[in-house]
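Next, two complexes with subunit A in common: one pairs it with subunit B, the other with subunit C.
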Partner chain A sequence: MASGIPAGPAAAVKNEADLVVIVSSRSPVSALRPDQVAAIFLGQTARFPDGLEAVPLDQPLGSKLRDEFYERVASKTPALLKAHWSKMVFTGRGQPPVEAPDSAAVRRRVAENPELIGYIERGALDASVRPVLMVR
Partner chain B sequence: MMAAKPTPSSARKARLRWLGRALETHIALPLFALLPLVAIWIATFHFIAAEHDAAVSAARDATREQVDTYEAQMARNLNAIDQTLKVLKYAVEQHGPAQALDTLRRQGLLPPSLVFVVGIADRDGRIVASNPALPPLDVSRETHFTVHRDADTTLPFVSRAIGDAAKAEPHLHFTRRINDAAGRFAGIAIVAVDPGYFTSAYEHSREGELGLIGLIGNDGVARALRIGDKVSWGQQVALEHMASDAVDPHPTAPDGVLRYASVRRLHGFPLSAVIGLAESEQMAQFKQHRGNYLVAAFAGSALLIAVVGMISAWSWQLAKARRRERRAQETYAAASEASLDAFFVLRSVLDEDGRVVDFLVEETNSRAEQVTGIAKHELRGRLMGDLMPFYRVNGMFEELERVVVEGKPIETEWQAATWPATGRWLQRQLVPVEGGAVATVRDITERKEAEERIRHLAHHDELTGLPNRSLIRDRLDQAVLNAQRNGKHLALAFVDLDGFKLVNDGLGHNAGDELLKVVGRRMGACLRRNDTLGRLGGDEFVILLPDVSGEAVAITPVLEKIRQAVTEPVLIGDQAVQVSCSMGVAMFPRDGDDPKTLMMNADAAMYRAKDLGSNNFQFYTREMNASVEEKLMLLEGLRKAFDSTQAGLPGVGTAPAGQFSLLYQPKVDLRTGRIFGVEALIRWRHPEHGMVPPPRFIGLAEESGLIVGIGEWVLRTACRQAQLWRAAGLEPLTVSVNVSARQFEERHLVDRIAGALRDTGLPPEALELEVTESLLMRDLNQAIERMRALKDMGISLSIDDFGTGYSSLSALKSFPISTLKIDKSFVRDLAHSLDDQAIALAVISLGHRLHLRVIAEGVETEEQREFLVANECDEMQGYLFSPPVPAERITEMLQAQSALQPVG
Partner chain C sequence: MPQHTSGRLLSFPLLAFSMLLGAAAHARDDAPGAGAEPAWSLSGFGTIGAVHSSERKADYTASVLKADGAGATRSWSPNVDSRLGAQIDLSLNRRWSAVLQVVSEQGLDNSYRPRIEWANVKYQATPELALRFGRIALPMFLTADYRKVGYIYPWVRPPVEGYGALPFTSSDGVDASLRWSVGKVRNASQLFYGRDDVDLVAPLHAYARNIVGLSNTADWGALSVRANVISAEVTTDIGAALFNGFKAFGAQGASIARRYEIDHKHARVASIGVNYDPGRWFLMAEASRSRTDSLLGATRSAYASGGLRLGSFTPYLSVARVRATSPTHDAGLPVAGLPPALAAQAAQLNGGLNLLLATIPQQTSQAAGLRWDLATNMALKLQYDRVTPHHGSRGTLINPTPAFRSGQTAQVASVALDFVY
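The block that comes next holds the complex of A and B.
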């Protein structure tokens, strides 16, 4: 279960492989709820809660991290995700997030652009980015 | 052929009657209720139809709108795909296949790899680049490759949904030909898409569960088809009957569900977009609404019918009840009009305290007019106190009040004092009913009068109107009680008319009745107001004189007056008749202290008066009882004598005391001097009193009825004796037997005589019956009849005591007699009475002229005999020849006679 509060005693099994949603450290966004994050990544909203533009960044299609992220945050299997984006694209309501090759690339790009929001494994965190959501 | 047409007026009446019936609520209302009922259903169907049309129209609009949207979306997407294909082609032509994709990727010109698979195949059909990356594939045999290789196409190609080694799930492949710089086939650009992509816009809220979104190729094969959540492809979908705008629902492939379907050809591609909305879903709401409408209409109709039904039923019941009531009214009216009683329906009028103060006439019948003298319509609605104020004083109001309060009927009889029924006896019956009472008044005058008449008859003699035996007895009892209480005297007199029988027999019963009435009136006129004259029956009267002094001499005057009044001649018709009376008087308390004794003693005194020769009155003395007692004793003795005579042998010689005996007096022919016959005479010796004179006991016998038995005994004995003489060979004699009135009246007389002759064997010619003159005058016709019957048998008849009674000479003609007997009273003074001689001569002459024999009775002297012989009398009987003697003596005489003068 995802929570916005730093983890307590009931920790996840894999500490290192925990997902974390990041924004640029320069972004004013501090914390986000899972549903807010899901809305951004599913194309339902293009802005952060405070009104700033939000541009999601995906891990590569088929990567484990990606599947896990969508599973936990948006409760969507890859098939469901595909069906969602099929509809969105077909009806012209939106485009799937741009993909970055890996977590490091995600981190780098997010750090450069305060509009971007992505997800990486916990171990890839550094000071250039700020975690806004711990995904369990 | 045709039935006779009803007359116009009767037809109109029938119509009116029908109209009247129809207008009755319970018929009119249901008919009337049809209107709203029909209205409800018309409206309902109207609304249903309107909604149906709206629903259909909405379905059509929805289909069209959605197909518009889908077409636009499809167009855009196809355009974008085509654009991608062109970009790929350009990139390949510019940079070569290997780098084309990378370049595009870097520029962000590749479509999202999540949805699209982009690839480039060389002229041999090998995939040289793809995004997302794919293992090398060979598509050289695929249609979407060969079609471009084999022709210089300028248009994109859309494959059917097919899978390949890269992806097992079928995809649609969009391909364009790539040319090299020389324009030769260099390969194809591929964009592969999941078929479901094209139907991903399906929304359950818009399309429902059975809606259809489809992308159909021009070859009729579905590239992508989605119904509900199920995506399919490859079916044959017939587009012929699908118009660009749906009008009517048709079954659509692949499941044949009825859908409103619209088709749009997609520009630039060999594809058509299809939208189908299931009729069932589109009309679902309508159907629900329709259901609701129908339910509402049914409910409304049912309610209307129920309400109307109830009202009608109620109204019908009312009408029925009204009709019943009307019929009851008519029946009542008819019955009350036909009734002989006057009818008043009264309603109580109460004051504030609830007490009855008056009565209101609600209803009467016609008869009531006669009783009250007021017209029926004037009676109705009036108060009794106004109509008949006197009803408060004559008791009627109190009775009505009591009837209403106690609830029990009262019956009263009264005599009306007011017009118009003055003097008549009326009976009123008051019966309580709810709210008042019903009074019935009946005229019972006739009944009362009849009752009075009957009561009078029960106590009075019908003929004379005088009190009868029972009333007399009552008055006597009362008078005796009074006399006892007050120490007074009373006198009781029994009055018997003498000679009444003669008048009754001689002049007829009507004359007798008239005589009784006149005599009764006369006797009554002699009495005081408190005295009672009553008729006991027959010719017997009784007089009760209450409150007299105890001395006989005090009432003698009134008794004398009565006696004289009775002996006054009475004119019956034009005949003057005279009777007298014998009266016996007993007095209280001297001659008895109870009614029974008084009556007995008065009766005894009356008999004494009779014995003393009638036409007198006798006061009771103790000795009188003796004569009555004597009479009773004699009667008893007579009975005993009769019984013992019957039981014993016929008298031989002098009968023993207590029995009857028969003596015979010879009758002698005056010319020959011979005995030719005998008269049989009865004798009775009483054990104590000796010989009882025949007149005495014959009279008793007649009174008691013993005469019949005694007479028969005499007859039989005489016949037997006569037969004995004949059997002995002696000269045949005729034997004469006296027959009394009583015997002659007896029905079986003729049979008895015949029986006696039969039993004794005496020839009828030997028997002669002697009847007295007066006897014959009684019932003339019957007498003649019987006499003829006897004469026919051979018996001869003679009239005894001729000249002493009443008879008419013409009657003499009709009697079948053979002999006249001159009464002894004429014979007695024959010697010196010229009158008697004349009579005797007349009788002899009369008899002879009528061819009758004449015999003289009671001849005692020679002079008498000489006279009779000289005047040709035929026969004689008397002491001169012989007194009545026993049978043996007659035998001796006959023997002597035949010895002396044998009949030659």
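The block that comes next holds the complex of A and C.
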């Protein structure tokens, strides 16, 4: 389902579905488990395991990347994710993560802010961000 | 009608809400990072439902705060599940936010007049600790604080057996929520204090004072466990005339009145629920007990439900039960030896008391249903229930006609379209 960093075997077929969870290269966070990432994106915790505040940044609603991310990290279909956030919103417990329009925008905003955590296609990685979890 | 009337307590959050709204309209981006900008959002939910019941001598319904349902009043009823809700969320900055949620559904006055379900101002003291001032829905059972949002759960409605005991569904006051972790177990704890006023069928009222409760949800991967305890001091004028009659019968009558009248009586509800949901299937189970030293009596209820997710279809099965753990019959005043006129009066009072005691719910039910997710914000549900009140009780049915008999199974068919936006 998901494994820690670094990226998988270079021989692997290039798969656009390969996702990486990223933080800013200025963040001290180096690796996260899938359940830790899921907890941040589902609004169950507002901190990284080391205690720093964590703010999730989502891909757009309906994007393939987003659906695959939640399916693999949280075992949630778009409908179950909608039900989860309906429960949070309508009991006043929280609002879903802010969205950015695409991987480039997620990478740019995450690079600028060490509190942000996002996920992008593996091909969109660059040195401004640090991969903390490979999601396959 | 079930309109909450504690306007004095609600005026603070409503005033604060409008002040925050004004501030949000004028505020500048004063902090970096997501969530720092003043923002507001509008969301909502609703259900369009219809229910049919084969039991024509009483109404099947989902709540004691409904005027009618399916069965006696009409064979198909839209009033059991249909509702519309709207919510405004306001976020001023990382610390201050406010919520206002209004729901329109049938109430005891048989109108769909909207009522305020949530209205509070939240102060996020730390990422873990939040304080709220204003109205919250009471977190009883697994689903009570979001039971109006049908889209969230698999069924047409949460099992009705758990909700029959008390008419109180919200608290005007303060609450504190704390998120904390132990290893991989993530907890959300909520401690609350408040009050609730409910208008029953005019001119009856119900008051809850010193509502104190604790709710804890523990999530560990696909497993979620929620435990709740609530205590309150409850007063209502239900049966007041009856108890005045008893008090006229000397010490023995006064003692019966003291035992059953709902006058500053301590009410307690405790529940524990488990939800295991790895995605492809789910299992839920919950047990609860409620106790009031009054004619509301003491009950234990439980249910279990499971379902499979096959693409956009979720077939599910449920069983539920509620039973009385306090006496549902009282011998009342001794009639023997009284002069005939007084004996007839005493017999009438005894009869009235036992009619009230028979409303303590005792019921079993089984349900089978299918949820069809039509879109990521809309689900169509079909459900078939077999509902059987037992031991002289009318169960969770309301408006029984004189011909109603306990022990007969009502077959209930429901269709509901749930949506969120």
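Everything that follows uses one rule, which is that the second predicted complex is superposed on the first by the 123 of 136 C-alpha atoms of A that agree within 3 Å, B and C clash if a C-alpha of one lies under 4 Å from a C-alpha of the other, contacts with A are read in each partner's own complex, and residues count from 1 in each chain.
One rule holds in what follows: a contact is a pair of C-beta atoms (placed from the backbone, for glycine too) under 8 Å apart; a residue touches a chain by one contact, two chains touch by 3 or more.
Since the structure is predicted, the reported quantities are computational estimates derived from the model, not experimental observations.
K.L.:
With subunit A superposed, do subunit B and subunit C clash or fit?
P.N.:
Once subunit A is superposed (C-alpha atoms), there is a clash between subunit B and subunit C.
K.L.:
State whether A:Arg47 touches subunit B only (first), subunit C only (second), both chains, or neither.
P.N.:
It touches subunit C, and subunit B stays clear.
K.L.:
Kindly classify A:Val73 by the partners it touches after superposition: subunit B alone (first), subunit C alone (second), both, or neither?
P.N.:
neither
K.L.:
Just to be sure I read the superposition right, which of the two partners does A:Met134 touch: subunit B = first, subunit C = second, or both, or neither?
P.N.:
neither
K.L.:
When the two structures are overlaid on chain A, which partner does A:Ser86 contact: first (subunit B), second (subunit C), both, or neither?
P.N.:
So A:Ser86 meets both subunit B and subunit C here.
K.L.:
Quick one: subunit B or subunit C, who's touching more of subunit A?
P.N.:
Between subunit B and subunit C, the winner on subunit A residue contacts is C.
K.L.:
Applying the document's definition of touch, where does A:Leu19 land relative to subunit B and subunit C: first, second, both, or neither?
P.N.:
After superposition on chain A, A:Leu19 lies in contact with neither partner.
K.L.:
Looking at the overlay, what does A:Glu99 touch: subunit B (first), subunit C (second), both, or neither?
P.N.:
First partner only.
K.L.:
Would you indicate which of the stretches 206-214, 512-520 or 620-628 belonging to subunit B has clashing C-alpha atoms with subunit C?
P.N.:
206-214
K.L.:
Once the complexes are superposed, what residues of subunit A are shared between the subunit B interface and the subunit C interface?
P.N.:
62, 82-83, 86-87, 89-92, 95, 98
K.L.:
Can you name the residues of subunit C that touch subunit A in the complex?
P.N.:
My answer: residues 32-35, 41, 43, 45, 85, 87, 89, 91, 99, 101, 118, 120, 122, 127-128, 132, 136-137, 145-146, 148-149, 151-153, 177, 179, 181, 184, 186, 188, 219, 221-222, 277-279, 309, 312, 373, 376-377, 379, 420.
K.L.:
Tell me, which parts of subunit A touch subunit B in their complex?
P.N.:
Residues of subunit A touching subunit B: 61-62, 81-83, 85-87, 89-92, 95-96, 98-99.
K.L.:
How about subunit A: which of its residues touch subunit C in the complex?
P.N.:
35, 39, 44-47, 53, 55, 57, 62, 75-80, 82-83, 86-87, 89-93, 95, 97-98, 113, 115-116
K.L.:
Residues of subunit B touching subunit A in their complex?
P.N.:
Against subunit A, subunit B makes touches at 73, 76-77, 108, 111-115, 132, 194, 196-198, 200-201.
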